[in-house]
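Take a look at the structure below.
All chains are identified by letter, namely A, B, C and D, in their written order; residue positions are counted from 1 within each chain.
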Amino acid sequence: MAIAALVRDGDTIALEGFTHLIPFAAGHEIIRQGRRRLSLVRMTPDLIYDQLIGMGCARRLVFSWGGNPGVGSLHRFRDAVEHDWPESLELEEHSHAGMANRYAAGASGLPFAVLRGYAGSDLVGETDSIRSIVCPFTGESLAAVSALNPDVAVIHAQQADASGNVQLWGICGVQKEAVLAARRTLVTVEELVERLEPRPGAVVLPAWAIDYVSVVRNGAHPSYAHGYSERDNDFYLAWDAISRDRTTFQEWMEANVLAA
Amino acid sequence: MAIAALVRDGDTIALEGFTHLIPFAAGHEIIRQGRRRLSLVRMTPDLIYDQLIGMGCARRLVFSWGGNPGVGSLHRFRDAVEHDWPESLELEEHSHAGMANRYAAGASGLPFAVLRGYAGSDLVGETDSIRSIVCPFTGESLAAVSALNPDVAVIHAQQADASGNVQLWGICGVQKEAVLAARRTLVTVEELVERLEPRPGAVVLPAWAIDYVSVVRNGAHPSYAHGYSERDNDFYLAWDAISRDRTTFQEWMEANVLAA
Amino acid sequence: MTIAAARALRNGAVCFVGIGLPSTAANLAARLHAPELVLVYESGTLGAKPEFLPLSIGDGILAETADAVVGVVETFNYWLQPGRIDIGFLAGAQLDRFGNINTTVIGDSYDAPRVRLPGAGGAPEIAASCREVLIIMRQSPRTFVERVDFVTSVGYGSGAGDRERHGFIGAGPTMVITDVGILQPAPETRELVLTHLHPGVGLQEAKAATGWELVASAELEHTPPPTTLELSTLRELEQTKAGRSTVGVL
Amino acid sequence: MTIAAARALRNGAVCFVGIGLPSTAANLAARLHAPELVLVYESGTLGAKPEFLPLSIGDGILAETADAVVGVVETFNYWLQPGRIDIGFLAGAQLDRFGNINTTVIGDSYDAPRVRLPGAGGAPEIAASCREVLIIMRQSPRTFVERVDFVTSVGYGSGAGDRERHGFIGAGPTMVITDVGILQPAPETRELVLTHLHPGVGLQEAKAATGWELVASAELEHTPPPTTLELSTLRELEQTKAGRSTVGVL
């Protein structure tokens, strides 16, 4: 994969995928490469960021919901915030609406986005990337959030064609925005095809908007690739026990990621 | 059609469709109903607004490009602006980027949108709905445009299902935004189908986001409905001669719209 | 609790659904009295009609059965923000007497919390922009508190008039459904008062399960007991849950 | 003129294409030296590969052959605005010595114009945000004027430094291709100077076709004459034009 060329210590990186198509394989490669002091950006950190945090790759987390969906806590995330283990983790915390609009502003080449959001929430006091803005027409006060422009965005997609055009379908989340907002981009795909067959609901990213494409079969596991695999819900459930204890976690990572 | 119930004298109405799927039949019905003092909103006024203007339905035009695409002028539009015939026409003029963002703001429930636009253009001095706004993070000055929320939006689509869900495909323009920005909405469709078959690149509007659906076969002619008809380029060419002269225009409208 | 929540969903309403109890309640309602309930999941699936209960809001079954699948930016900007959604479902680790919700941190300090919770997700804007909000939570003095440690999502803020000051479109939490009964905002103060007790629960029990001085409505009622059909439909539905394991939902 | 414009398009470039001469030039380049030219039409068709010349930017052939069809909001916000497009094509009713373009009104008054033109369309933001802009226009003293009646789209404003002051991302009009020759901005002043004459055109003729005191570059060259292949490919292409009629393009 192109991870070695793309991700450097201290980078701000976004591995996106809203439950679906989460680029786990790319995240594991970042762990194996031993990257440090990363700013991790993701709406829903999920298990892959739990792993990156637990392995000491992260200095900062920019996010809107950090849980194991339908299961409970992300224990490595909690351990980092509550006990600074393996090191302390700065947080830049938003709502989903705010994060989505920050990516959209980044993809649009704008320095900020406007939304109806955060009013009355204590998040405002904790996050410098939320400010208020006054409508120049109505005088109404609204929320402004600063744009996200990660150094690197990585997403996973179902297919790329011979020219490097990429197609993903099913739940498409904020992947297009993350890719268009980032300075450098990698798309891992389930397979290369001769020609992309247009599909309902698909997002197509032309080759000229992407830097690297790598074929990584099942690269989203335990997340899934619609049409290629099912979400491994059992693994999401099992992760709760694996990740709860530091030693169990480290042993699991050693055996399943570092040695892989 | 539902035009009689939807469109009242003095309303602000948007008939959208970016070259493709222009709701001509609905526009003709508005002319037959004899509506007056309308504010007509459309990125690319096209022949249908030329007809509405020439028939004296409009008091105001909100737009970004008023020509006969690939052919030349809209003569009725020009006659109204240059010679106040059949009456004077107020203009609220924007660029495409500005109009598109005004619809998007309207669809988003925001009072304005931000873009990199209009800088140095004389349009700024002529249009009160363009102002400047300062980024609360970087201090950079950008353009703000006020939201568009028409009283009525009308679009044409290929299909509706039995529940009133609508699907359009091909070039989809700003139709979704126009419908979501408007207070009342009508979608004319080529046909009713039992079930909408998902299609690549389609926009689906759920029934609960639309007020009225009417079946009007070929309701976009001389524009077209991808998969149902071809754009009648010959008519677009012929319109130049029909519309150049006031009398020829009126006779044509009488024979082909009012008597229809 | 799930059945009481399902009953609160009128047929034809458009619901913004989170995973867990809200998803179960909405799917239950759709199988009972509200076949035309429209489910919107924040993963961008508009009108999803899952045959079984998804484990996450991003399960494939939601995309497969939706009327439309849109991006997350569009979901929040075009569908939630302008007030198109009738009912939003929320839950939290803490709820206060004015319906404010905490899903961020337990403890006095944001920077050094006793318990770090998952965070806001879609909740602040769901709470602000849905026409009304239903809250489903188990009731205990630890979770129903005088004042939440952190206001993630605003219910009625510090009382009447606060939502209007914030410019919120929606009416706020019109109903808090718990394992004890139902709380609703008092029209004048917006303080949550007990309006219904579930069968077999007493008023003292309800007060003991509340961290503030719970007021009962003058017209305190009992919710009707679950019907056989409600119970059997719920049981069937839960057996279909993706992952096939019983999971404690946060 | 069309051939000179086609030659200016390097293989692999991403072009934002309007209808008329720009579309013809881009499609010609794609059939000659630039098979990997990416055509983006403002109707939202990314990577369109039309087999024949469309009459409008919304012809069905564009959607059918595109790599992706996106909405107009996305086209402008995600693709044009951030500076992803290499080359934008523009034309106009008037052009001034600093490459500013008028497509709005002819005459002194916006409110009572002598000629009402179609307006801005995508041009102001194409002019601002494409990495570079090519302008294609017939040259005459009536159209190449000292000062445009209305600045619809900014070239170099009132000269060097103006684009930077406006915060524009793109470099501005790097080439104006006419039926007389080619004009390019002088590096220091940004005034358009004549750098190329087409075969058979003299300097006096070029000056006579210009409404300002046209300066010729010290290295004034002649453009190479059209090759047989260029001419025959152009002829073939024009015969495919949708609508099958010869149309005067504004």
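We take it that contacts are C-beta pairs under 8 Å (C-beta built on N, C-alpha and C of every residue); 3 or more make two chains touch, one makes a residue touch a chain.
Here the structure is a predicted model, which is why all the values come from computation and not from measurement.
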Which of B-C and B-D has more C-beta pairs touching across its chains: B-D
Whole-Å gap between the CA centroids of subunit C and subunit D: 56
Whole-Å separation of chain centres (CA-atom averages), subunit B against subunit C: 40
Rounded Å distance between subunit A and subunit C, as computed from the means of their C-alpha atoms: 27
Set of subunit C residues in contact with two or more other chains: 68, 77, 81, 129, 169
Residues within subunit A bordering two or more other chains: 104, 109-110, 115-116, 140, 176-177, 201
Pairs of chains found to touch, sorted by chain label: A-B, A-C, A-D, B-C, B-D
Contact set on subunit B toward subunit C in their complex: 104, 107-110, 165, 176-177, 180, 196, 204-206, 208-209
List of subunit D residues in touch with subunit A within their complex: 12, 14, 38, 46-47, 67-68, 77-78, 81-84, 129, 169
Complex contact set, residues of subunit C against subunit A: 19-20, 42-45, 54-60, 62-63, 68-69, 71-73, 75-77, 80-81, 104, 110, 112-116, 118-125, 128-129, 150-154, 157, 162, 166-169, 242-245, 247-250
Parts of subunit B lying in touch with subunit A, wherever the complex brings them together: 109-116, 129, 131-133, 135-138, 140, 142, 144, 146, 198-202
Contact footprint of subunit D on subunit B as seen in their complex: 18-20, 43-44, 63-67, 69-74, 77-78, 81-82, 93-97, 100-101, 103-104, 115-123, 126, 140-141, 170-174, 176-177, 201, 203, 224, 226, 230-231, 233-234, 236-237
